[in-house]
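Listed below are the structures to be examined.
Each of the two complexes below includes chain A, the first together with chain B, the second together with chain C.
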Partner chain A sequence: MDAGLRHTRPMPDLDVQERRNFSASATANRGDRVFNRVITVAAFSALAVLAGIAIFLGAQTIPVLQTQGLSFLTTTAWDINTDPPTAGIWGMLYGSVVLAIISLVIAVPASLMMSIFMVFLAPKRLASILTNLIDLMAAIPSVILGLWAFYVLNPTAEVWQELLNQYLGWIPLFQNTSGNFLGTPFIAGFVLAIMMIPIVTSVTREVLSRTPPDLINASEALGCSMWTMLRFVALPYGRGGIVGGIMLGLGRALGETIAVFFVLKIIFDTNWYNIIESGGGSVATLIVSRFGEISGPYELQLLLAAGFFLFIMTLIVNVLANLIVNRTGRLQK
Partner chain B sequence: MSTAEFESVDVMEPEMATPASASSTELEARNVSVWFGQRKVLEGVNMTFPKNSVTALIGPSGCGKSTFIRTLNRLHELLPGAALAGEILYEGKDIYSRDVDPVHIRLAIGMVFQKPNPFPSMTIRGNVLSGLKLSGMKRSNHDDIVEQTLTAAGLWNEVKDRLDRAGGELSGGQQQRLVIARALAVQPHVLLMDEPCSALDPASTLKIEETVRQLSKEVTIIIVTHNMQQAVRVADNTAFFLASENEPGRVIEQGPTTEIFGNPKDERTLDYVNGRFG
Partner chain C sequence: MSTQTLDPSTLPALAEQRPKHPWRKKTPRFTVSVILAVVLPAVVIVFLWQTSTIPTPVLMVACYLPLQLVASALAALATRGRRGIADSIVIVSAIGATVFSLVVLLSLLGSLAVRGWKALSPSFIFQNNVYISPSTPLDYGGIGHAILGTALIVFLASLVAVPIGIATAIYITEVRGRAVPYVRFFVQSMSGVPSVVAGLFILTTLIVTGALTQSALAGGLAYAILMLPTVARTAEEVLRLVPDELRTGALALGSTRARTVFRVVLPAARTGIVTAIILGIARIIGETAPLLLAAGNSDQTILNPTGSPVASLPTYIFNNVALPYPDAVTRAWGAALALMILVAVLFTLARVLSRGRLGR
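On to the complex of A and B.
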């Protein structure tokens, strides 16, 4: 660089000079300005829809809370024809969580193993075939899955549950006193797991495949086995993304309606932990199962209020998921 | 693919491995050829690496230097389609024989890569000790190991007050010295360095070279480099690799660095070390 030239240019005096702002709209041409507006409106429309649903459901919930009080959340009942009618969705809320946990326990290890196989073990051709097949799984409509579960999974899972009860029945989780192994939370959770697997697998696979080759090299050169590489390098590196994928799947499990409707027997009682006992709860399925034979405007209001709390619950899960993802993401820096 | 089917049967004549050379030879490549799938990328490499010496591998890109260095600690076999013929003798024993655990080989023969690759989520201290953790080695005096290896890598004074900060916060040159410390923590006898300075600025490069010279008192070092001056500065011996078009890479000439650069026997070596191609 020419040193002389540099000296001829006076140094700007930052105290005296007026600062100039660079706002996107000031610098962009007209087409860009229009585009920016459209994009901004589109972004806010998502928020508007969310707010609209929340307000609509919230408005229906207020009268329900006025008549039923907080017992709408803390008790389990659906006695519409009594006077006054009493309703409580505790069992349904709790049941939704139970189903979500069962599906997580089944889907997360399965998805992790599948994605590890596809990323680190499978030959490229096989991996791409598997990727497509698993993505295809996500395209199965839930009503089809529900029908399949009703006709095919039910009799099979009945046998599994009988075996579980026979050999592990001493664990309270696997107790069954009624002898009825159909319509259990286990089967419903299993169907939800099948629905979660493609989502979780696809996110996890993507995250794991982005493990920097440098780090894999480093661990190999330090005498790592595949297992230690996964444990100390790939999984910690992808933790944020993997948790995000799991939460996406969980969101689907909590809100899923139709598939569960086919296989879960809704009971207005709290099934605390007997997951292979017939009968359980799910807010979404409660709504769809009652909606067809609705008795009047008040019951509709009750169902909408149930929907409101399902909405809140899903929102809480998503916020928690975001917190977890952000926190784990920060640790990695 | 199994490497066994490519293993050549013809072991060299016994008089080649004299007792005198065996005692001072740390690592030896005998007639090593390498394939990726059907493509042969390296042919008939014979080389000895005396104990506590520095050997530079030079040659244009794509001539098989990096591939060769990866055969020396069995990292090569982890690549898809990789195959090998010949023998690599470490302390007189073939590292590819069936009863040898590749993990032990990789711990005894450490490696530093082209791009600094500290584990970003670990602290500086954690990075240094990661080799012990990953390989399940049990050592009690962790603080001593951290200080010794960072000192040996020429980084101790710069980081001793912030051992609990993330390894990724260091500059590129510091990161490279951190991974050298990491490689040293498992006490290797040989250190392979694959263009360790190619991503670094000149000042960091000089520091790494200083580190290499210091380390060579205790460790045998094999360094791949594109920098002729670097080879002259650090290496006792130099080997020149070359691959003609559609041919596997071969060693054209090898010997003491002063010979290779001052008085090469092959014209291609002369052209290459004088920067006429490559």
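On to the complex of A and C.
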């Protein structure tokens, strides 16, 4: 068989005939047909889980939307003991986006620059050590990150934010009227950035290292400096992969719960732009922080509904990220 | 030269001469400028650090970084002309970003080691938390119950996620059905499910309906949702490395498809499969939110997978953070150090195994 003489190749390259030759469905054996069916069913469990989450959380969302109306999404409130109870997660949704933006502003330049260092500047040995360290950083559980942020980062960040407020307080972004610099969106966004950096760096490093050396040499021959080479060759070449990597990191940041729980003070009020003012919102953290002191089945339903919207939000970001990454070729080793 | 084309492969000497990184050409003038650009800002900053009262982090970012940028830009201007300035900025900020990430990582690991070390003792590893209040001295009580709980939950999660994950990988690389692109897409999307949502899903489907109580099994099922995509994706990468000759050879000898998979393909990729399992475990072992929702917490050593809430390392840390008792906080650090050691061991194991991986 011709197909067997070739070495492993990427799956999408199989033409229809080849796939039939390899596919176990081309068999007459009864055991194989059973095997085939079992494997196929198992393979769709990912879809089943995704659909299950959407259906079961969605089913709990409908009654919430019936009692709260659309104000569940557009207002900010959490008065469970009033009759009827009022709840709205706008501040949380908006807060999640604010945290995501802060973390992107910190993590994207840091990751890009770091991967440029690893690919184009560092000696091979150093680059491989850095790759290992970055992978280790990605493996740090978020609860440990939160612990570190609470006890080690918080005091430092407090000083930082006071100085920012002192010298740049005239910019609305850095206003702080309460004098409390703990539990701010800035610290939470910073912690999320630390979570994102290894994810984004490993993807961008992979993409940049795939820039064809011929293109780099050609740009050198044409007289490009390193910056112009990056600007006109490497970055445009890897643009899709880099954007996809950033969005994968973003999906992770939107769904992060525990690390944010330790450093962000959840308030049921919309903190529009005062990023170094104490208090902010995050859907994921809301769920865990309210679950500890839950008052009854209705509040649980509210949390499940919040979880549903969190799921939808992260699903959209992840699907977009995967579409972008897949279009630019397989990035995982 | 006019009609002939130069093929670099026939001219090895020429190909070798081609400089890989032309921007790294070194001249004495260049070397001197670089040394000056590195040493001068450092000297100024050390001087400022010794004499002024500016806090160190502020000094580094607000003084050293701009100073270093300007110095490098000047050095680049002197050696490379105006176009060198952009390069120097890229280089300085690339090194700066790397140092920033390393400082964060070292600060994290360092504080973990220093603060967690105080808590670690045989009794801390082996005892459980019964009769222990947050103010109890460190000599009593420990994380033994949490370690066992984590092990139990991870084991139950693996029981579910490993077979399904590997089956998914087999579907993609061996069965190669029509839905391969879709299955891959669903697995990728599933890897983005937030951990708290996985917990909520188990909570609403199994716990609220009364099928299970908060228990190790419920926690394990929530973990399985997070573990499955990692196992499936890694196993897929590994199975892909098994050469097709092995498959066609087995089929030519009269083996059935199923037998080929179980007797030839999976054994050929066994270290890779183990790596996939280890990476899956490393992915989930520190997740806290699903366990808070689905597994609850306990002070006792629980080995019964159903029926009662169970402790785990992440929830133990969670419950001891931010308490006003220094000993409780030290316990949290100790548990965090133990968890990090577990993760690091798994991580190293996966590295060592994948080094001998097929086709590498």
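Throughout what follows, the second predicted complex is superposed on the first by the 275 of 333 C-alpha atoms of A that agree within 3 Å, B and C clash if a C-alpha of one lies under 4 Å from a C-alpha of the other, contacts with A are read in each partner's own complex, and residues count from 1 in each chain.
Simple rule for what comes next: a contact is a pair of C-beta atoms (placed from the backbone, for glycine too) under 8 Å apart; a residue touches a chain by one contact, two chains touch by 3 or more.
Being a predicted model, the structure only gives us computed values, none of them experimental.
In the superposed model, A:Y237 makes contact with chain B only, not with chain C. With both complexes superposed, C is the one of chain B and chain C in contact with more chain A residues.
In the superposed model, A:L320 makes contact with neither chain B nor chain C.
When the two structures are aligned on the shared chain, A:L145 is found in touch with chain C, with no touch to chain B.
In the superposition on chain A, A:I62 makes contact with neither chain B nor chain C. Judged by the touch definition given at the top, the superposed model places A:G307 against chain C, while chain B stays out of reach. Within the superposed three-chain model, A:L136 lies in touch with chain C and out of touch with chain B [touch as defined at top].
Looking at the shared chain after the overlay, A:D214 reaches chain B, while chain C stays out of its contact range. Of the two partner chains, both chain B and chain C are touched by A:S225. Of the two partner chains, neither chain B nor chain C is touched by A:L173.
For the contact definition in use here, the residues of chain A common to its chain B contact set and its chain C contact set are 217, 220, 225, 228, 332-333. On chain A, the positions that touch chain B within their shared complex are 123-124, 212, 214-215, 217-225, 228-229, 232-233, 236-237, 331-333.
Contacts from chain B toward chain A in the complex involve residues 73, 75, 78, 80, 102-104, 106-107, 110-111, 113, 115, 117-121, 130-131, 133-136, 166, 168, 179, 182-183, 186. Residue ranges on chain C touching chain A, taken from their complex, read 18-23, 55, 57-58, 80, 83-84, 86-87, 89-91, 93-98, 100-102, 104-105, 107-108, 111-112, 115, 163-164, 167-168, 170-177, 179-183, 185-198, 200-201, 203-205, 208, 225, 228-229, 232-233, 237, 240-245, 247-249, 256-258, 261, 282, 285-289, 292-293, 314, 317-318, 321-322, 329, 332-333, 336, 339-340, 343-344, 347, 351, 359. Those residues of chain A lying in contact with chain C across their complex are 1, 3-4, 6-8, 11-12, 14, 19, 22-25, 27, 29, 31-32, 34-36, 38-40, 42-47, 49-50, 52-53, 56-57, 60, 109-114, 116-118, 120-122, 130, 132-137, 139-148, 150-152, 156, 159-160, 163, 194, 197, 201, 213, 217, 220, 225-228, 230, 248, 251-252, 254-258, 262, 284, 287-288, 291-292, 300, 303-304, 307, 310-311, 314-315, 317-319, 321-322, 326, 332-333.
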